[in-house]
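Two complexes are shown next, each including subunit A; its partner changes from subunit B in the first to subunit C in the second.
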Partner chain A sequence: MIYIVYLIFYGFLVTAIIGLLASWIDRKVTARVQYRVGPPILQPLIDIIKLSGKETLIPRGVSKITFLAAPLVGLSGVILVSTLLWVNNINQSNSFMGDLIVAIYLLAIPSISIIMGGFASGNPLASLGASREMKLILSYELPFVLAVFVPVIRSGFAIKLGQILTFQAENGVIVGSWSGALALIVVILCMQAKLALVPFDMPEAETEIMGGTLIEYSGSGLAVYRLMKNMLLFTLPFFVIILFMGGLRLDGMHLLYGILRYVGLVALITVIRNTNPRVRIDQAVRFFWGPVTVIAIIAVVLAFRGL
Partner chain B sequence: MAKTIIPIGPYHPLQEEPEFFTLTVDGERVVDIDVRIGYNHRGIEKLSEMKTFDQSTFVIERICGICSTSHPFAYTRAVEDIIGVEVPERAKYIRTIIAEGERIHSHLLWLGLAGHFLGYNTVYMWAWKLREEILDVMEILSGNRNNYAMFKPGGVRRDIKSGDIPGVIKKIDSIVPTLTMLKKAVIDDPVLHARTKGIGVLSKEDAINYSALGPTSRASGVARDVRKDSPYGVYDKVEWDMIVTQNGDVFDKAVVRILEAFESIKIMKYCLLKLPKGEIDLNIKNIPPGEGIGHIEAPRGEVFHYVRSDGTNRPVRHKVRAPTFMNLPTYKATVVGETISDATIILAAIDPCYCCTERMAVRNIKGKKLYNGEDLIKLSQEKTEKVRRGLK
Partner chain C sequence: MGVKLKALLKSPWVFHLSTGSCNNCDIEILDCLTPRFDIERFGMLLAGSIKHADVLLVTGSGNRKSMERVKRLYEQVPKPCLVVAIGECSLSRGMFIHSYNCPVPVDKVIPVDVYIPGCPPKPEAIIAGVVKLIGKVGGK
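Presenting the complex of A and B:
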């Protein structure tokens, strides 16, 4: 029963609220950087409510079930993974063996749902976007998993998020070591790509392929995708905080530190997306398989050496 | 392998005007393109022929909101060519100032859009913020942000007040540091290099063969600028450099435009400081029969106007050739073999302006009958009759 509460309250509600707030921070900061005023605080929520009230158009000749299920698959992936993270964050012993691997799998689900939706749309531009998303996943998953190895190795081969958190509570955060810092850089870059933000927003690239994978989505389908993306803006940094920065503690001063860590990560994401042009997909693949993978491997080697 | 058709247009977030490009792609690579313009035809030449010479200036100004000085400039020079007069010295200076102001704001607008097309919205917003300053300068000088209405055959319509000049120069100077920063941000950015260097290369031969104009040709190493080749205004009195680069890729086109903005600031400041006293208008009353041409360097390249007069107060024929008309075909030479991601920025790199370009599009698809003006009028009258009959 308690897990239902976790699922609905933490997994969905809290994550959604923080995610919407984070997306507002992102939009507002972006706007201020660009000499614009920016949206009011409720705008992300208003966008989603408005979209869910609009007509959902389904293109002729597509598989309705796949087309409409794709956003829901993505959303449920995000809800599941954030539930898993919250459970671990709140009670570190209340988990199962290998939940880290499950989390990595679940974090890939949103991207896969976008690919599903894109190919289901039957639009050449959407297929193009979906194929780009696919290439992007192939490129960033390798360094991402390598970087996630680092906390695992450092905490004595624990593949439970709870154990990694306990290790950090006793021995200091993982980012404090050389290997942890390098792995964090890699993870942040991969996070940018997972969130499909500039410079890795080519699956959606408005000025190239007009929204790519999302081109045929309207109404509630689009609203669910938007919600999913906003929730990812909380879930992914949360995952990084748990693995590298000792998690979010909800008592007293620690809460403030936790908020600072999170806001710092979101600010970093915003800065990266505002100071870079979009790269081409082949450049992104080369970037992730080249320098980023090399850094990740160095981090893993350092972690083995105990640095 | 099956080829996919990727449409750009007729309505596309990339373009602010309706036009239609069909890219035939193989995976991400463009193998062929087809261009179809003509969605924006407004019959400007015909309209101009129905107005008096003075009124035409205003119509011509509205060919394009961005080159709103280049077209009247070329047109007034064509009319002055018919009469065979030179405008007063002060009018020449004022014309040059306005034309250069327009060049700065046009290049900044392009820079912003190019940033936007690359997903670099910060450059987009910053360039446009900077452009606001120039628009303010233009408002102080002419009373309008765009469509300045400064030109008339024989001179300029409004004088520049000497009291305004120090303030304007101060404002222009205040732009330079921000523009320098923007230049560094664009020219030194390694990610931008990766996206724009070696992309959409227009070779020197192609630039000559396609008769590319303006920054498009100058980026390919063809030193072609009406301001140097056939000076008008006071361009022969001012010291300025023609910016020519050799590579012909998107990056070089950006560099040419950014550096040209600096040259324009130099020219503008010189003209404001050296503005001579005297008349600003010749007060032309009659325009003799004859024909004249006027060509000037617009921000996008050479604008060419041809005007024929029969001695009445209206032009009998007015022909406009905008730079995009010559630059657009180079798209085919530059885009084939590139990827879809680059197709849009390569198109944007020629700084296309379709409303300038669109006159009359004749497309003869095998065996179809071609209509001339009279046929079209007849068709239109038949249609009206049909509608009228339908009403009864």
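Presenting the complex of A and C:
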């Protein structure tokens, strides 16, 4: 019973609200960087309400079920992973063996849903975007998993999120060590690619393939995709905060520190996105399999040496 | 006024469509997105795909080839949607009125909600026109 409350209240509502706010922060910071005024605070919510009120067009000759189910698959993946993270964050003894692996698997589902939707829409540009997204997943998953391995090693081979959190509460945060800092850099780069933001936004490059995978989506399908992306903008930094920065604590001064960590991460993502041009897909693959993987391997080796 | 309409007026995503214009109006439309005018204040974004758009900005005189595409694109916009004709050419075909290649003006093919005259209209005029449109649809 209590898990249903977690699922609906924390997993969906709180995550959606913080995600929409984060998306506003992202747009506002972007506007300020470009010396503009930027949208009002409720703008992401208004966008989603507007989109859900519009007509949903289904292209001729596509599989209706796959086309309409793909956004829902992605959204439910995000809701599940954020529920898992909230449960561990609030009650650290409440985790099961290997929930870190489950979280990594669930974090891949939004990208897979985008691929599903892109191939289901039957548009050549959407297929191009979906194939780029697939290559992007292949490129960033290896360094991401290697970097996530670092907190596991440092907390004595605990594959439980709760155990990693208790280790950090007792021995200080993981980012405080050399291996943790290197792994954090790798994870932030992978996060940028997972969120499909510039410089890794080839799947939906607006200037060359016009929205890419989302080109055929309109109305409520697009609304669900946007909500999914906004929630992912909370869930991924939250995952990083749990693994590397000791989680969000909801009591007293710690709440303020938690908010500062989160807003700092979002602002960092936004600044990276505003100061870089888009790279080509082959450059991205080379970047992730080359330097980023090397840094991740160095971090793992350092973690084994206890640094 | 329902919630849906209110939300539509607060975040109109625009798609700009050139039906054979000299590109001057298109440049003025893009000027609206620059720091000086910044239409994202009103929640407007430039949509990449026609299926994401709420407002269709039509420029150009509309020749025989492009009018078929205009009609097809209008059918692809998810309804409710609004159409804005920008520039002298899309209002009355401008200097191409006697051309063999421009048989009808844009508003004979698709319903136009707002006409913004000028060759090209200033970004201020485009923003003023869209604000008038929002006022008209909102019933003010």
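Note that the second predicted complex is superposed on the first by the 307 of 307 C-alpha atoms of A that agree within 3 Å, B and C clash if a C-alpha of one lies under 4 Å from a C-alpha of the other, contacts with A are read in each partner's own complex, and residues count from 1 in each chain.
The working rule: a residue touches a chain if its C-beta (ideal position, glycine included) is under 8 Å from a C-beta of that chain, and two chains touch if they have at least 3 such contacts.
Predicted model, so just to flag it, every value in this text is computed and none were measured.
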Partner chain in contact with A:I241 - subunit B first, subunit C second, else both or neither: neither
May I ask you to decide whether A:C190 touches subunit B, subunit C, both, or neither, giving the answer as first, second, both or neither? neither
What is the contact status of A:Y35 with respect to subunit B (first) and subunit C (second): first, second, both, or neither? both
Mind working out whether A:K50 is in touch with subunit B, subunit C, both or neither, as first, second, both or neither? second
Once chain A of both complexes is superposed, is A:M210 in touch with subunit B (first), subunit C (second), both, or neither? both
Looking at the overlay, does A:V266 come into contact with subunit B only (first), subunit C only (second), both, or neither? neither
Output check: A:N274 vs subunit B and subunit C. Expected answer is one of first, second, both, neither. What do you get? first
Which residues would you name on subunit A as touching subunit B in one complex and subunit C in the other? 34-36, 206-207, 210
Could you pull out which subunit A residues touch subunit C in their complex? 27, 31, 34-40, 43, 46-47, 49-50, 53-57, 206-207, 210-211, 214-219, 222
Please output the residues of subunit C touching subunit A within their complex, sorted ascending. 3-4, 7-8, 10-11, 35, 38, 40-41, 43, 47-49, 51-52, 54, 76, 78-80
In their shared complex, subunit B is touched by residues of subunit A numbered 30, 33-36, 124-125, 128, 198-199, 201-202, 205-210, 274-283
Could you please specify the touching residues of subunit B with respect to subunit A in the complex? 4-6, 12-14, 28, 115-126, 129, 189, 191-192, 194-195, 339-344
